[in-house]
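Shared between the two complexes below is chain A, which has chain B as its partner in the first and chain C in the second.
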Partner chain A sequence: MTGTSLTIKPGVWQRLRHSAVYHSFVQNRVAMVSAAVVLAFVVASILSPVIAPYDPWDQTRIDIMDSEIPPIGSAGADQRFLLGTDAMGRDMLSTLLYGTGISIVIGVFATVLQAALGISIGLIAGYFGGRLDSFLMRIADIQLSFTTLMVAIIILALFQATVGLSFYEDFAIVVIVLVIGIAEWPQYARTVRACVLAEKKKEYVDAARVIGLKPASIIYRHILPNTFSPLIVISTVQVANAIITEASLSFLGLGMPVTKPSLGSMIRNGFEFIFSGSWWITLLPAVVLIVLILSINLLGDWLRDALNPKIYDS
Partner chain B sequence: MTALLSVRNLEVVFPLRTGTVTAIRDVSFDLSKGERIGIVGESGAGKSISAFAILNLISKPRFLSKGRIEFDGVNLAEADEDTLRSIRGNRISMIFQDPMMTLNPVLTIGTQMEETILAHKSVSRSEARKIALDKLEAVRIPSAGSRLKQYPHQLSGGMRQRIVIAIALSTNPQLIIADEPTTALDVTIQAEILELMLQLCNDFDVGLILISHDLGVVYQVTQRILVMYAGSIIERGMTSEIIDRPLHPYTRGLIDALPEMARSGARLNQIPGVMPSLGTIPAGCPFHDRCQFARDICRTDFPESRGRKQHSVSCHFPISYD
Partner chain C sequence: MFAFLVRRFGQAVIVMLVISVLSFSIQDQLGDPLRELLGQSVSEEIRNQLREEMGLNDPFLVQYWRFLKNAVQGDLGVSYFFKRPALDVILDKLPATIDLVIAATFWILLFSIPVGIFAAIKPRHWFSKVAMGVSILGISAPVFLTAIFLIYLFAVELGWFPSYGRGETVAILGKWKTSLLTLDGLKHILLPSISLASVILPLFVRMIRSEMMETLETEYVKFAWAKGLPKRRIWIVHAFKNTLLPVITVGGVQLGIMVAYTILTETVFQWPGMGFMFLEAIHRVDTPLIVAYLIIVGLIFVVTNTVVDIIYGMVNPMVKIIGQGGSRDS
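What follows is the complex of A and B.
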């Protein structure tokens, strides 16, 4: 087995180098730039414990006397703080790095949860059809008729009120991932179901049944891989959506706590100080959020075009 | 000799909003071990449905309403899913019309072949790979080893159909059902594939049900022919008998319509009219409104099968050769 995996590895890389997707990527400057930006954010936030000058989560090292120092280049700047400090005296650069990490983690894990739920439900509904299909899709409709934000606000507010603030601070990230993950599964379920309905009429599915395969292996090994390209596209959009949803919740005071802020909570924390002249506390995380979301969405746009053979003609 | 497959009074029904429609009526035939039979008829005659019915794979809402399908002593019409699954793909394999569509586009040839073998045989993955390689060589695919790592789109149509045949053979079945296996291929490849199938059936002593609208194709490969029209078998017999002395006017029409039968410069012969749709099959003989010999009795009474065992026909006025 080790012998084959060694020979296959360069093969995969070779195949990627010669694939249409790779060529379209190399020729599309927007895609390259946005991929680079997303990659930079991801790498920076993974490395944040190493590259950040301070640990913004360690409250014993924050000095309130350092609060509201403007970024370098403005009057009253301090050499120690490249991007200034926030109202609590935390280094903005470090907080931004950690905050971006939290936002990306929430976006990715919430999307993974949505995908896991939505893909399984969509596959089952699409393949078996009939009453089960109607039942699952009506549940999806009901879920969609509540907006994500509304569901999230209710659940997070209840959670905050019942478990108390200190407990909430430790587990907020898990609860936010769960809430956003559960609220958005119908997106995946509907897409997957539509794909399955189209795929299951194709002859290779008949052939698989004639071979005598069990429904489970027909669904997972034959149909699921054929639904991947729309799923990849939705996933990029959903990561961006989850990050925005988390930012909105944080802005409303229901997201990540002040002690471990995400980009959204940083915007909210700084918002109170914008009229006193401390614009950087809210503006910097807002810029980071916009650039991150824009890059992910542009990447998603490119992926949608690259994976859709019909668009080549136009 | 006892039959390997014995189909009795098979009937398949499609429920519609306006009532039910019978797609297959009273189809019976036997197939002994290693025998090759052909089912011919035009589109919509019920050939493919019969093939799926044999495997009890009629997709809902259609269903098998009547009949026995006895395969090696097991009645497939009443067998449970596990029994059926142990027969499908294992002891009865099926080959479809379009090899482009029957192979999964996102899996390699090797994966798809191994999957079939592993589903039915308790062998390791490397043994499965060895069997796959063996079968690819049996269908004469050049450089078989490297094909296992390729995807269907990297192969030509004829090559893909060879791979589908190799998959069908991979579990050493006793019967292969081939539904229009050469229709999607061009004529030269078609001849190669037919010759290959004939040879493989002989080498491995596999039974074959060849479904086709093309009498020429069926003539090359089979020993017996069943002619279907509007869901019924209207004529059956030894291949040479049917081709040389067709008894049913419809069979005669099919043979006359072969391009080989046309005089040069003249138009191809054709059977006037179209086959009735399943909902509007007329009373009496289903063929009567297209038949030049039809008389009153043809419009009222369904003709019973008559004739010898080697050659029988459902017609009130079979063509005579005296």
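What follows is the complex of A and C.
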């Protein structure tokens, strides 16, 4: 894979600037704004250790006396905390930056795992066909019929109950990525398989076979690159879905722990205080979460139109 | 056709067996039934004797077989917390969850079909654009946030609707209680059912729209226009009828998926259904109840999927029923 990408690299910007996708992007204001928003969130969360005024994961530096201070502009605000503090006395801005980072990391890594599993299985099922194909696709059907959220709730609940709390706090992020990553592979597998079935009939595959290439090399070098556009569209949707799933799990108390909160755990923590008037603890992470997911989804919508891939199975 | 039915049924049984093995191994791993029964104060000797008597030292397969035999007869163990058969506890909570799913399905059917058809017929109309915009917002807002927002606006700020509980219920069919038939019950179910519907409704609107738009491009619809048939007839009879098939199949599966989302909705609204109970059971490490829930929900999933598959196979003339696996692509 690295070999091919190196040979393309010199002209890649040139080619991109003249591509239809680029033109469609420049002309679509919604796509540009959402791309900018997503990029801003990603950059802000990567830089969070530098730009965050406090370290929200450092338990020793949190003062409970600072709890529930409203954001600047409302009565009782404190100059030290731009967006106020949560019920534990953590600076909201710093916690938000770190939390957004966690949500994005989980979304991206879970999607990468789904893609790796799903693409391999889809390629194998589509290329070799026959009994192996129908077996794999039945498993995909069954896996899909049990929603990821359900599977994730069950597995994380059991994980939480069997291992100790301190172990859980350290490894929650890994387990969440694994669960969401493994449960959603059929999304990729089905699309890739359908693409492979369509591509396999084409002449270039026959040609590759005639010159004596091995199946593995035909699959990876020749068929896989032609399945990329639907995969890119699916990936945006899957990142958004993974972030939603993680937030839902954390909201139920089965996701990221309070000490290292994601956006979902922040909403859970604030939910108790919404009725006593401390609205910002819930509202700020909620707004960040919705804006983030909405931007990714809008970007995905635009990509769907721009690349116009045949989404074979929705 | 018969072979198809047998194969689907056999597959459903296999999936249920896998679920039961997984559920049973959970029971094996999580918590110690003796400690729940006896507490800490009993000596090791009596403990071991009881272990032997209860068959807890038997090999895994023997224990599993016993579990399976009991499960088939409706005995899923006794809940540690409620001190009652786990199945009874779940059956008590089931009506509340089904009420919620029925109410949410009502909203979905009421809005998705007309909005989806309209957005397909007039894609450039302002209403279609607003509907598409709202639908992507609906997809992007996690269900628990929609629920919190509804509570905050309509229960806390405006005070129009209650924020938790089921309200007044009426008994139909003996123990089966529903809140759909009392005014108080309807007031209670409004917000939870809207937030549950908010996950699936946008998906339905988009799906009906895109299927309908695809159908409108087909040759037979063009022919119908050329014949000079009235608009309404073409839209409803020729186009919409043919979009129903994929909608029914995906829709059937989505209804099963709603069961998963009831956990979130019920938690926010403290709705006394299965999902809320399951989460409480997890926090209490009430293993028999967890296992019973898994088996019941697994059964609901398997039954809906099998029924949807069979209906699809019967209704769609294009499905080659004999050739399995390849039936879903195209």
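Here is the rule we go by: the second predicted complex is superposed on the first by the 298 of 314 C-alpha atoms of A that agree within 3 Å, B and C clash if a C-alpha of one lies under 4 Å from a C-alpha of the other, contacts with A are read in each partner's own complex, and residues count from 1 in each chain.
Keep in mind that, in the parts below, a contact is a pair of C-beta atoms (placed from the backbone, for glycine too) under 8 Å apart; a residue touches a chain by one contact, two chains touch by 3 or more.
Just so you know, these numbers come straight off a predicted model, no measurement behind them.
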item	value
Chain C versus chain B on the shared chain A, clash or fit after superposition	fit
Touching partner for A:247 - first (chain B), second (chain C), both, neither	second
First, second, both or neither for A:267, with chain B first and chain C second	second
Partner touching more residues of chain A, whether chain B or chain C	C
Chain B versus chain C as contact partner of A:208, first or second or both or neither	first
Touched partner set for A:161, first chain B, second chain C, both or neither	second
Touched partner set for A:138, first chain B, second chain C, both or neither	second
Chain B versus chain C as contact partner of A:42, first or second or both or neither	neither
Partner chain in contact with A:149 - chain B first, chain C second, else both or neither	second
Per-pair minimum CA distance [chain C against chain B, superposed on A] in Å	12
Footprint overlap on chain A, comparing chain B with chain C	none
Of chain B, residues touching chain A in the complex	55, 57, 84-90, 93-94, 96-98, 101-107, 115-116, 119-120, 149, 164, 167
Touching residues on chain A, where the partner in the complex is chain C	133-135, 137-138, 141-142, 144-147, 149-150, 153-154, 157-158, 160-162, 190, 193-194, 197, 240, 244, 247-248, 251-254, 264, 267, 271, 274-275, 282, 286, 289-290, 293-294, 297-298, 301, 312-314
Partner chain A, residues of chain C touching it in the complex	11, 15, 26, 29-31, 136-137, 139-145, 148, 152, 156, 207, 250, 253, 256-257, 259-261, 263-264, 267, 279, 282-283, 285, 290, 294, 297-298, 301-302, 305, 324-326, 328-330
Footprint of chain B on chain A - complex, ascending	11, 202-204, 206-214, 217, 221-222, 225-226, 228
